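Presented sequentially are two complexes of chain A, the first with chain B as partner and the second with chain C.
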Partner chain A sequence: MKKQGEQKDRTWILAAPGVGYLTVLYALPLGLLLLASFRLPEAFSISAYIDFFGDPFNWYIIWNTLRSALLTTAFCLLIGYPAAFALAWSKGWLQSLFLISLILPLSVGIVVKAFAWTIVLRSDGVLNQALMALGLTSEPVRLIFTETGLIFGAVNVFVPFMIMPVYSVIRLLDPRLAEAARTLGAGPLYVFWKIILPLTVPGIIAGIAFVFSLALAMYVIPTLLVGERFMTLSQQIARSYLYLRNETLGSTVAVVLLVFSLIVIVASQWLAGKVRANT
Partner chain B sequence: MVPAFDDPHYLVAASVSKSFQGTRVLENLDLEIGKGEFVSLLGPSGCGKTTLLRMIAGLLAVDGGSITLGGKVISGLPPHRRNVGVVFQNYALFPHLTVRENIAFGLKARGVSTSEAKANVDRFLELIKLPDIAERFPSALSGGQQQRVAVARALAPRPDILLLDEPFSALDRKLRETMQIELKSLLRDLGITSVFVTHDQEEALVMSDRIAVMNAGVIEQFGAPQDIYQFPGSRFVLDFIGSSSQLAGTVLAETGGELTISVGGSEVRAAGRFVRGAPVTVALRPEDMSIHLPGSAPEGHNTVPVVLRDRIYVGARTQAHFTGSQGESLAIDLSPDHAGRLDQGATYAAAWSPEKTLIFPGNGQ
Partner chain C sequence: MTTLERLARLAVWTIGLAVCVYLMVPLFVTVAVSFSASPVFDLPPPSWSLRWYEALGSKRGFLPSLTLSVQIALISTGISLVLGTLTAIAVVKGRFPGRTAISTFVVSPLMMPGLVIGIALLQFLREIGYRDAYTGLILGHVIVTLPFIMRTVQASLSLFDFTLIDAARTLGLSYPKAVIKVLVPVLSPAYLSSGLFAFLASMDNYPISIFLTDARNKTLPIQVLEYLEVRPDPTIAAISSLLILLTIIVLVISDRLVGLRRMTDF
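Take a look at the complex of A and B:
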């Protein structure tokens, strides 16, 4: 029974345009595409998956995809976590400078970036010249068209997606908590491990989820920096549709990739919920 | 219980200075606090009281001067090597730790064994009368409970001094009064030296052994609450602590510390030393004055004529507002049987005894 004077909840109206747009232009076509992996509409069959997982080459592709995404995420965390503190704790023009240098590169297309990296990474590139000048290596290290080069580029593109969520959590961090810990006899390292790190975990989880799911699905960066010699799931999808004209294979790989992404998102939501329940 | 004032130089701030971006916040400030004493730093916002507290805690560096605690210079030490306890204004409880873990934090950070820490935490949970909430997180506590946990957390590692930064400001009035009494008796039982920052004069009067009234980076007066209230050392202290009526006057004569002052045509006597003709302000507390029909004031009292403007009922007492002969406003507490029998607009005699008269140089003219 409806209580008198109770307002009907109409919040959903606010979401309607977004949901409508995504349903018509994204979810429906994607659904149809993915159904193709089950050989519908003619018949239902999971033979495409049996074929896919029965081929060792596909396992190699999955491993490539996961490993490069993991490495990219790890380096983004390593670089992005301290950078987020620098961004949050700097003041005035320095903070503006940090913010600009974080956001401006996002507006430069990946293609432009990729050609900039080749200047840095090629055998007579900036990086190799520096390494040789420092005496760290006697001859050029092969960087371009390798996984190292790929990680180098991917970290460059995705690191803002690590910095931003961590930064927003740090900004909400009450500076008095660290002060309170100091006056209670905790040295700087103890304060970091017991107070700052645990309280920034939600930002770390969000950053990892962002970067990992973006890195799982990246296509342009590996295509431009490594090419065919380093296959990932995204490249395999493109190859299936564009070159092999094998729609079933393409949608099968797409489903596999989608499942990985879903696992990442669900796991991070679950973790974030667990962390939140404890605070 | 440790007897108070064991060591009158337990905490010593010697000519401490501090500037922020070229603005002097503290100017060669000196302060000495005895062991076991409860001292309030009282003043308006921006007077430097919190700055001084943060410098004692080590959260701010001193620009000049030194701070000594128990004979040891601490002003060069980082906060975690000072053995101070701090209760912050918003309590700053660790949101990801339970009440027990919050209280144990200082003990764990100092490397105290788990079993010893547990015994200590249990003792403090008993002391703050909250043994049942040990496993809760701070977000599940009421404001009063959070404050008690913050006090227990600061006290558990047995600090040499407890610093409190406006710990009652987030509580409602009723709860605040209870917590003040509770905290005061807890700290007295533990015999711990405490420095308490507040802008609330009532709070300072209730809690303190001594009050340092601060204004614009200097200590205007440092003394027991009664002394500060009864004998304010400056116009600032007078205005800041309690309320008072102020009358402009001129010294007519001075003989052996006895002053005769002209206040708007009335002659008023008081103790003090001023030269003849000096402009002075005569200040009076509302409870030190009484109201009489003209000509019937007690013998030997000072009197001035006043006109009743309005009455304000404050519960336990009634305060009446009068206008003096020079247009000054006078607030006077009335006895209950008096309150109803006064007529608005009528002229009365405000009377007070000469020894209750407070005299300050200058009369604002």
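Take a look at the complex of A and C:
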């Protein structure tokens, strides 16, 4: 017993380097950024936030950010959830094909990927050529520099982050469970609704949390696919620091975005805990 | 099978294959453009050529950026492998309170806005008077690569039977030797896949790097975006195609070593 007690005391030391590293170079800097946003030249004050939230343009930016992140997440779930099942059911070369198309695109950076989408989506691009050849439209559809184009590119970059967590949960499903339910007379809809869906919820939560937080913070994709006319919180941060040199505005917007991300992390952890407690 | 079930299966396969094609589109476009003779990204290319590959060597800035990015990615992934493994062992094997919190904390940078992490780190380094861009980049990239290692190694360790190490010690191995002989082989698939994901995440990182670079230390994504904004030509497609080729080689080797399927234990 005593020996176990000693070991119990020692294991946490192994976590110390990693946790210490992130505390000093990640948590502490973020905390200082938060503090700095309240410390104006005069004294402790929330006037930067009053200014920020008093400007309707900033509400428009927040709305843009949330809406594009929500749309991206919704589409990722819509196509990623079934795709995860296809990946789990596939075997042999088909599975290799699925895995390669998930991993290989990571070798092309977001910058190049977003640029590739500008080539596909532009008015004389491949997609418009195909649409016109199929007779679906008589003149080019405006895709690039629109929100549609943005969602097209964002879903493309982020959908693997939906597929992976859902797939890892599906893999753990016991196929006999659905079989047993069928033998007992349950219809396919009932089996999906009462057995498969609830068991895959942890993967769905993880996927939504990943994609939503990544989409909230995306910077390169909107910059290349929509440009300056569609401002998001990330673009406002980059603009304030890199072009306007307005650090007060920059740190205020950064804190707003930080709070959104923290809410997503805490909410997803809480939801995941609740689901775990229920099963 | 009922009609409903058949329809559902058909939908799953159709969507699955459509997603495959959708995911590969940017790669096809990049490779096609890189072999195009035209400088204006016409698709399909009017004629084929290797001119953008020939131009690679003479373009200023690309080779140093690529070298810098590879160095930063290798070093930061290496540091993360060590820190991540130690933290994962502590979280899986330890019985102290706050283990879930530690695990969430270490994985959290994955879900935090990169630009905000970058600014915070930049201001912190400035405050303490640290100005070296190269090490600054490494410090920042460890933050982004660590979550990938932590997630995968933790998942892999939770399936590991730690009494095997004790067994090896009973059989006469020293503790470090027992760890190397027993634990490391079990973790190698996790190292391979998480190491690859971490490496690629570092190579691709723009938001953190943009605040930590200086004129002499520009990572590849920053150089590429700058180049695209000033005078885009398919040289970028050529360099990207080479990176795709490199990843294919790594994937083929990984497939031989551990199997592709285990690469997705994300």
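Simple rule for what comes next: the second predicted complex is superposed on the first by the 268 of 279 C-alpha atoms of A that agree within 3 Å, B and C clash if a C-alpha of one lies under 4 Å from a C-alpha of the other, contacts with A are read in each partner's own complex, and residues count from 1 in each chain.
Just so we're on the same page, a contact is a pair of C-beta atoms (placed from the backbone, for glycine too) under 8 Å apart; a residue touches a chain by one contact, two chains touch by 3 or more.
Everything numeric in this text was worked out from a predicted model, so none of it was measured.
After superposition on chain A, the partners chain B and chain C are accommodated together without colliding.
After overlaying the two complexes on the shared chain, residue contacts for A:Arg67 are found with neither chain B nor chain C. In the superposition on chain A, no contact is made by A:Arg142 with either chain B or chain C. Once the two complexes are overlaid on the shared chain, A:Leu184 sits against chain B while remaining clear of chain C. Looking at the shared chain after the overlay, A:Pro198 reaches chain B, while chain C stays out of its contact range.
Contact comparison for chain A: of chain B and chain C, C touches the greater number of residues. Remark: in the superposition on chain A the angle formed at chain A by the CA centres of chain B and chain C amounts to 80 degrees, rounded in steps of 10.
Judged by the touch definition given at the top, the superposed model places A:Arg176 against chain B, while chain C stays out of reach. Look at A:Ser251: by the touch rule set out above, it reaches chain C but stays clear of chain B. The gap separating chain B from chain C in the superposed three-chain model is 5 Å, by closest C-alpha atoms.
Taken together, the two complexes place residues 187 of chain A in contact with chain B and also with chain C.
By the touch criterion given at the top, residues 174, 176-177, 179-187, 190, 194-195, 198-199, 278-279 of chain A touch chain B in their complex. Contacts from chain A toward chain C in the complex involve residues 8-9, 11-15, 17-19, 21-22, 25-30, 32-33, 36, 79-80, 82-83, 85-87, 89-90, 95-113, 115-117, 119-120, 125-126, 156, 159-160, 163-165, 167-168, 187-189, 192, 209-210, 213-214, 216-217, 219-220, 224, 233-234, 237-238, 241-242, 250-251, 254, 257-258, 261, 264-265, 269. On chain B, the positions that touch chain A within their shared complex are 57-59, 78-80, 82-86, 88, 90, 92, 94-96, 105-106, 109-110, 137, 139, 153-154, 157, 163. Interface residues of chain C facing chain A in the complex, by the touch rule stated above, are 2, 4-5, 8, 11-13, 15-27, 29-30, 33, 41, 43-44, 82-84, 86-87, 89-91, 93-96, 102, 104-106, 108-117, 119-121, 123-124, 127, 139-140, 142-143, 146, 150, 196-197, 200-201, 203-204, 206-207, 210-211, 220-221, 224-225, 228, 232, 236-237, 240, 243-244, 246-248, 251, 255, 260-261, 263-266.
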